[in-house]
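Two complexes follow with chain A in common, the first pairing it with chain B and the second with chain C.
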Partner chain A sequence: MEREAAELFEEFKELTASEFFRRNKQMLGFSGKIRSLTMVFHELITNSLDAAEEAGIRPEITIDLKRVGKDHYILKHSDNGPGIPEAFITKVYCTMFAGSKFRNIQSRGQQGLGCSGCVLLSQMTTGKPAKVISGYHEGEKLKGMEMTFKMDVKKNQGLILSQEPVDVKSSGVSIELHFKDVSYSLSEQGAFEYIRRTVIANPHAKIRFRDPTGHKYIFDRATDIIPPLPKEVLPHPRGVTADDLIFMAKHTDKRRFRSLLTTSLSRMSTKRVNEIQKSTGIDLDKRPKDMKWEEAERIVDLFSRMDFMAPPTSGLIPIGHDQIEKGMREILTPEFVATNTRNPKTYRGGVAFIVEAGITYGGESGRIVGDQKRAEIMRFANRVPLTFDQGSCAITEALKSIDWKRYGIRDLDNAPITVFVNLVSTNVPYLSTGKQSVAPEAEILHEVRQATMKIARSLQKYLRAKKAAKEEELRSKIFESLVPVVIREAALLAETDVPEYDAVLAKVTRRAKFEGIQLNSEVENE
Partner chain B sequence: MNRKEIAINKLKSLGDRIIEDVNQNSVPAVKIPSRGTSNLVYDEDKRYYILGDRYGQRSLGNVKQINKIAQMVYMANFCKDLVRRGKTATLREMYYVSEGWDVDFGDQQESNIVGEDLEVSLGMTREDLGLMPEEDGASVYGDLTVQEDDVEINALKSGKSGYTISPTIDDVEFVAHDVERVIAVETMGMFHRLVQEEAYKKFNTLIVGLKGQAARATRRFLRRVNQELELPVYICNDGDPWGFHIAMVIISGSAKLAHVNHDLATPDAKFLGVTASDIVNYDLPTDPLKDIDVLRLKELSKDPRYHDETWQIEIKKMLKIGKKAEQQSFSKYGLEYVVDTYLPEKLDAM
Partner chain C sequence: MEREAAELFEEFKELTASEFFRRNKQMLGFSGKIRSLTMVFHELITNSLDAAEEAGIRPEITIDLKRVGKDHYILKHSDNGPGIPEAFITKVYCTMFAGSKFRNIQSRGQQGLGCSGCVLLSQMTTGKPAKVISGYHEGEKLKGMEMTFKMDVKKNQGLILSQEPVDVKSSGVSIELHFKDVSYSLSEQGAFEYIRRTVIANPHAKIRFRDPTGHKYIFDRATDIIPPLPKEVLPHPRGVTADDLIFMAKHTDKRRFRSLLTTSLSRMSTKRVNEIQKSTGIDLDKRPKDMKWEEAERIVDLFSRMDFMAPPTSGLIPIGHDQIEKGMREILTPEFVATNTRNPKTYRGGVAFIVEAGITYGGESGRIVGDQKRAEIMRFANRVPLTFDQGSCAITEALKSIDWKRYGIRDLDNAPITVFVNLVSTNVPYLSTGKQSVAPEAEILHEVRQATMKIARSLQKYLRAKKAAKEEELRSKIFESLVPVVIREAALLAETDVPEYDAVLAKVTRRAKFEGIQLNSEVENE
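The block that comes next holds the complex of A and B.
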C-alpha cells in the first residue's frame, strides 16, 4: 500500500541529525569494516591534535586497540590536550552539528561530525556506553571526571549513566569505546597506515599505539615546533556559491546587503560593490534577509567575470618543507629525502591553496607487496591522510602524468620510493561525500606536478651519484682482481718472474697509496 | 725456424711487451690492428685484401679493455701450451677450458673474437696457434702423396671420396705427386662426376671438391699446392654471383680474414666457369636471376677484387641476360659432356 507524501515527510521532520546519521552511517564514512575503523581513528586523532595545538601543547596520543572477538574491538584513546570541562563532555561526544557558522578556515575536520560519530557507531554496533575520563584545569586546579554515557539519538544529546570525580595526573581526555563490525588491517586503507601517515604529516606529534596482537609501536615526534594555528580568512568572491551568499545573509547582523558583502568577503571594496549594483541592477541597500536566490545567483555569476586580487593566503599554514623532511626521515628512515613547499596559488580563481611534496628513496620507503617493493603515494589534505579512493584523486592523477623515466625511475609502480603530497587549503575541493579524493582542478594538477618534479630532479641527481659511486667501486674491484691476473699470465707467457707491479696497479686504480703487497706475495707464492 | 717456433716466439713476445711496460712502471697496452671495414685495403700488388695501418689499443687502465687483455693473455698461454705439446683444440674446446680461468668469456662468440684479436695482433693464423676449426676441409682426388705424422696417404687410393683435407693442413707434408694442375669444383656432385669420368687421368689433375664456400684448411691447401708444387689452380663453380665469389675468396682472400690472407689467398688461381658467356655459348638450362642475385652482382661489380675487365664484362653480361646456371646443367648434353667437351675447351682457352 502506498503511503502519502505527507506521511513520509512527517517521519522525515522528526529526524534529528543523530537519528539521520544512525540510519545513514555510510555518510559519516562508516562504510566497510576496515574503513569504519580508520574513520574512527581519524576522528579521534584529529580531535586530539586540534585540541592540543589550540592549547599550545605538543600532542601526545596513546591508542590501545584490543580485539575481544571476531570484528569486535575495544578502543582506548588518550591524549594530553587541555581536556574537556565536565559540562561539555556529552556535548562533544553526543551532539552532532554543534555550530552553524560559515567558517572559511584551513582545518583537519572534514565532516564536522567528529567524535560524536564514533560514539554513535559504537553504540549502534555494540549497544555499549562510552567511557570518558577528562582531566582539565579550572583556574589553578586540575580536575578529573570519569563519565559513562550513551547517546540519545532522538534528542541528539547525551544520556549520562554514571559520573564521578577521579584523580588525574595531567590534563587530557581518555575515551573507551566498543566496536563491532569493524576490522583492523595493515593494508594501505587500514588504521595502522593511517597513524603512520598522520605522524609523517604531523612531525610535532607523538603517537603510541598498541595493536590487537599486543605489539607496541612508538611513533616519536621529529620536531618540537607546534605549527601556528590557521587563521580564519574571509572567503574570496570567486570561491562562494549562491547558497553560501544566502547562508551568510541569513546569519548576518548587518543591516544592508552592501555591508554584508564588504565584511564577509575578501577583496570586496565599496567600489566593487557599486560596480556589482550597477551591473546587476540589484538594490544592494536592501536587508540581507530580502536577498532572493535568483539575485544571489546573478551576483555569483558576475563574480566569475570580474577581476579580483587573488585571495589572501595568510590563513594557509603549510607543514613546511623542513618539517616534512623531519617527518619522513623519522618514520621512513630513507637513504634520500627531498621536500618542497610551493608558493600559494588559487584554483577556480578564488580559492587559495598550497601544495607540498616530499619524496624518499630507500629505507622504509615504498610498500612491500609480496616480495616486491612498490612505490607508495601518500596523499594528504590539510595534514590529514587520504587513504581511500586513490584512483580518482587529482594528486594520483598528477603524479601518474609525470614522465618518471626522465628522473631515472623506470617504473613508478615498482620503485622503492614514497611520494608525499599535502594539499593545504581553506576549501579542499573533494570529489565525493567520502572526502577522500581531490577534484582534478587544473591549477592543483599543475602545482602537484611542479612540486613533485622539482624533488624528483633531486632524487635523480642522488641516484646518478649513487650509481657513479657504485661503478667506481666496481671499477676498482675489477682492476684489483684482474691486474694481478694479467701480469701473472703475461709473466707465464714471457717465461719470466712476476715483476713488482704496485705502481702500475696504483696508476690504474688511481689510488695514491695502495697497500697491495699481500696480493703481490700471494702471486709469487703460487 | 719452423712455424711452430715462430708461433711460440710470437706468443712469448706478447707477454714480454706487457712485462716490459710493468717494469717501466707504465700501464701496459696491447695494440691490435683494426679489423673494421674502414681498415681493409686491397693490395694491388699482392692481389688480396690486407689490413691497413689503423689499430686499436687495449689498455690495462680501461675497465672494459682489461678484461679483453686478461682473456687474450690467458688464451695466448693456452695456445703456447698447445703448440709446444703439438696438440690442437677447437675454439669450442678452448671455450670450455676457459671455464677454469680467472676471467671468463660471456659466450663462445666472445672467445672467438678474442681468438681473432690474437691472430691479428700476432699476424698468425689460428691454426698456427693450435686452434682448429670444427669442420674438415675439401675432398681431394688424384695422384698426390702426403704425409700426416707417420702415415703416408695417396689421394688416388683413399676411396671414391678421396683424401679429406685436415684442419691441421700445415702439419701435412707433400711427399710426391704426378699431376700438372688442380681443378676445384663447388659441389660434391661435380666432384664425383669428374672422378667417374676419370678426369684426373684425362687432364692429369687433382680434383678438389670444395663443398661450397672453401674452408680455411682448403684455401691453405690450394695456396700450398700452388706455391710449393707450382701447380696451376682452376676453379669451376656454379654460374651465379655466389659461385663467382667462392672462387674469388680462394683467389684474393676474404675481407674478414684480411689479417691472414697472406697465408690463405691463391692470387694465381683461375676462374674457369661457369661464366655468363658459357651460359650463352653453351646454351645452358638456366634459372632467372632473383632480386638478391642482382643485388649481389651489383655489389661484386664494385668490389676491388673484381675490378679487372674480364670480371666486369661477365658480371654485366649476367645482369643483361638476367639468368644463372648450375655447373651440373651441362648434363643437358649427356653426363660425359662436361669432361669430354666443356673442360678441354675451357682449359685450352686459359
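The block that comes next holds the complex of A and C.
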C-alpha cells in the first residue's frame, strides 16, 4: 500500500517563528518551572541594562514579583532606559527575530528573541495580555504610552487590545506579565541568584527587588562609573568567510568592490586593497554584485596569509579588575579578593575577546550545600550570568582542567571560594539557543585558564601568608604572656621595682601580628 | 550624553528564519567540523527514512561522500522514497520552519529545519548551489525533475537556477551538496558511526555508503518487516494546556466547542463532554471563538481530575525486542544479547512514550579506547541516533544512576558491553534545537532504568552461568584426564583388560560442558 508524493505533501505548511517556538519553547530556555522564571528575569534584565547603557543612562531596575497562587505569579519589571517609541512596542514584544541589536557590537542580547519569548510564555501559561508603559523622549518632549496587547502567534506580530497616552515622569519601560507553571527559587539556578550575580558583574547598576514574601532587597551601586559605550566595530578580515563577503556584496549600496572592502572591514586600507588586487589578480573595481564565489574565496584565503593588526578592541568593554573587585566585595564581603582582566585576544582567527576573572575567599564566598561549603563558579558572558548547561561550558571545562592542588586548594568542589569568570566579545560563541554555555574554542579555554591561574596564585600566597602569620601570632601570644612573668620574677630576684615594659613589648610583638596582606587585585598582564 | 529612543531604534530590523540561522548556525547543530558533517548525515538520512516509511516503502539509501580537498567534500545522497512534487522542492530545501511533519505523529524529524539547514551550510561554506533530482508518481505517471537552486537567505526561499524534466527509473530523491569546513571521522561522533547506529535501530533499512577512501560498505537489511506506519493520534486531554484549547478554538472550522472537543482530543466521547458541561457549568454549545481563557483553564483543570483511558498507543511504533536483537546481532555479532520493549507510559500527564533497551556482551560490543574496551552507550529517539550532548541527556542520566555492581558489572565505563536505549514518542522532549538530548522527565528516567535493569539481570545470569560452566568445564577436564589413568591402573592391579569407558565418561562429563545458555531476549513486561 504505497502512497504517492502529492498525498504526503497535502499537509505541508510553513510556520512563523512564533508558531515554531510555541511548539518548541524549551529552545528558548523555557523548560522546568525554576529555569523558566530565571530565563524571564534574564531576558528582561538583559534588555533593560543594554537599553540604558546604549542611551548613556546609569541603569536602575525595579522588579516586583507577586505570588497569586500555586506556581502563579505577576511580574512587574521597570527600568529607567530610553523607552520604546510607540511604533516599536509590539514589534519588540511580539515579533520574533526582530531587534536593534543585529550588529557587530558587544551587547548582552543579540538574537531578537528574548522579550517576545517572555510574552509568549506568559500568554501560553495564563492567556493574559501583556501591559507595557513606555516613556520616551521625542525631541524636547517626554511622551508616555500605555498599551495592552497579545501576541498573534500565527502572524508573529502583536494584537493591540488597548492603547492610550499617559503621563510619565521619566523615560523607561515598565512591563507587567502574568505567569503560571513557573516557580521562584532561592537555589543556584533560581531568579534571586540570577539578580545577585547580575549585580556582581554590573556594579554600576541598581536593582530593587521585592520577592514573593514581600521582602524588599535593594542592591545598590558599588560604583558610580558608567561603563563606556561599546563601539560598533567592523569585522576583522580574519573573521570573515567567503559567504560573508558575498552576502555583503549582495546587499551593499557601494558601487565598487574596492570601496565595499574598505568600508565594511576593519584594518583595510586602500594600500591593503591594492595589495589584494595585485596578489589575486582580481579586478576590485568591479561591481560588488559581480564578485564570484571563487574570487571571494581567494580573497579570504589571502586574508589568512596577510599580516593584519589585531582587531580593534574599542568594541570590547571589560568590567575591569577594579570594578569586579568592587562588585565581589559588595556582595560577598570576602576576606580576600584577587581579580584580573586579560588583554584582548582573538578566536577563530578574527573575533576579539577578553577574559576577566576574580576569586574570593572567606565571607560569603562559596555556596552552602547541606552543612558544607562548596566552591561557587560564576560564569558570565558580556556581564550576563550563565546559570544553566554548566557541564558543557568552556568556562567550566577550563576551570576543571586547572591543577588546583598546585595553588593550595585540595579540590575545587569543596573549597570555600567563589570563582568569577566573564567573557567579553562582540560575538560570544554560544552553544545553544538558550545562550547558557560557551563553545570550547581553544583560545578561550587558554585565556580562562591563564586568567584564573594568575589569581589562584595570589590566593595561594594569601593563604600561605595567613597561615604563617597565624603561627607567628601564636608565638607572639606566648611571648606576651611569658615576658611579663620573667620580668616580674627578675625584678623580685634583683629586689628592684618592676620596670615599665609595655611599650617595649608592644614594639616587639606588633611586628608579628597579622595585619592583612596586600595581595589583592593582581592587575598586571603578560 | 544621553541618546533618545528614536535614534536607538533606527537600526531596528526583522530577520527571516534563514537569516537568523545563518547568524546562529550552531543552533542547528553545526559547530565543529566533525559534528557538522554528522548533522548533515543525520538530517538527510532521517528525512529519507521518514519519507519512505510514510509512503509504505522499504527504505534504501545510497550515500557517496567524495573528498575533493582539505575539509572539502561532495555528498551525494539518494533514497527510494516517494519523491517531492516539483512545487515543493525548493520549499523543502530552502524554506525554514516549513514541512509536512507538524502533526501529532511519531516521526524522526519534526521541525522543518533539517534539509534547509544542510543547504544553508553548503551554501555558507562553498557558495555552490544544491542539485536535486526528484522522481515522483502523479497518478499512473512517473515524473522526474532535476533542479539546481540556491537559498535566498533574505527571503527564506529558494532561488531556482535551472530546472528540467528528466527520466527517472523509480521514485525517490537524490541530492548533491558541496561542503567545506567539515570533516569525515571514524570517531564515536563521526558520520560513519552515525550510519552504523542508524542501521542497528532500523534493521528494515538498507544503506549503501561509499566513504572518502572509496571503500564501499553495504549495510543490508537484518529483517524484511517494514515497521507499521505510525498513525496520527489526537492529543490526550491530560496532555493539553489551556493555551492549546484556545489555540485550537481560534483556528478551527467547527461551529460548537462541543464538537471541537470530541474531534480534536482522544478519549473524548459525547458522554465525557456532557460530564464536563455539567461539572464546570460552561455552555459547550457556544462557538469555539467565544471560549474564554478562564473557561479553558477550568476545563483543563477538570481534565486533570477526570479518569481517562491512557493515550491510544496506536501512534507509537517501537522497534520491537526481536528486531532490536536482529539489528544488534547483525552489527555487533555478540555472544550474548538481551532486549526489552516496555509497555507504553505517559509523561507530563498525557504524552505517551515507550522505552526499549538492548544489551550485548562480547563480539564487537563496547568501544575500543586506546587498548581498552569501554562500554558503549547508544541513545536513540524514534530510532534516530543521538550522538551529541550525552552529558545532559535523560538516557545517560538514567543509565549512570543504575547500581551496575548489583548486576556483576564493576563499573559501567570499563565493561565490554553495548547498551542500546530507544525512546519512542509522538513528542520527544528534546533539550535543544540540535535534538541531541532528552529532557529528564521523571517518568522517562524511571522507564529507562526499569528497561535496562531487566536486561542487566539477564546479562548477570548469563555471566554467572558462563563462569560456573567454565569452572565445571575445568573440573570435567581434570576428570577426563584422571579417570582413564585410574581405570588403567586399576585394571593393571586387577590384572584384567582395560574396559571400554569412553562412552560412559563422555556421558558423565557432557552434562558439565558449557553449551550456551538460553537467556537471550527477555520480552516479558510488568
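Here is the rule we use: the second predicted complex is superposed on the first by the 380 of 526 C-alpha atoms of A that agree within 3 Å, B and C clash if a C-alpha of one lies under 4 Å from a C-alpha of the other, contacts with A are read in each partner's own complex, and residues count from 1 in each chain.
Here, a contact is a pair of C-beta atoms (placed from the backbone, for glycine too) under 8 Å apart; a residue touches a chain by one contact, two chains touch by 3 or more.
All of these numbers come straight from a predicted model, not from anything done at the bench.
**Student:** Who touches more of chain A, chain B or chain C?
**Tutor:** For chain A, the partner with the higher number of touched residues is C.
**Student:** Tell me the contact category for A:T16 with respect to chain B and chain C: first, second, both or neither.
**Tutor:** second
**Student:** Report for A:F479: first if it touches chain B alone, second if chain C alone, otherwise both or neither.
**Tutor:** It touches chain B, and chain C stays clear.
**Student:** Taking the complex as given, what residues does chain A use to touch chain B?
**Tutor:** That would be residues 474-475, 478-479, 481-483, 485-487, 489-496, 499-501, 503-504, 507-508 of chain A.
**Student:** Once bound in the complex, which stretches of chain C touch chain A?
**Tutor:** Spelled out, the residues of chain C in touch with chain A are 1-6, 8-17, 19-20, 22-24, 26-27, 31, 51, 54-57, 82-85, 88, 91, 95, 97-100, 102-103, 111-112, 123-128, 136-139, 153-154, 171, 241-243, 246-247, 251, 293-294, 296-297, 389, 391-392, 429-434, 439.
**Student:** Could you please specify the touching residues of chain B with respect to chain A in the complex?
**Tutor:** For chain B paired with chain A, touching residues are 11-16, 18-19, 21-23, 25-28, 60-61, 63, 66-67, 69-70, 73-74, 76-77, 80, 102-103.
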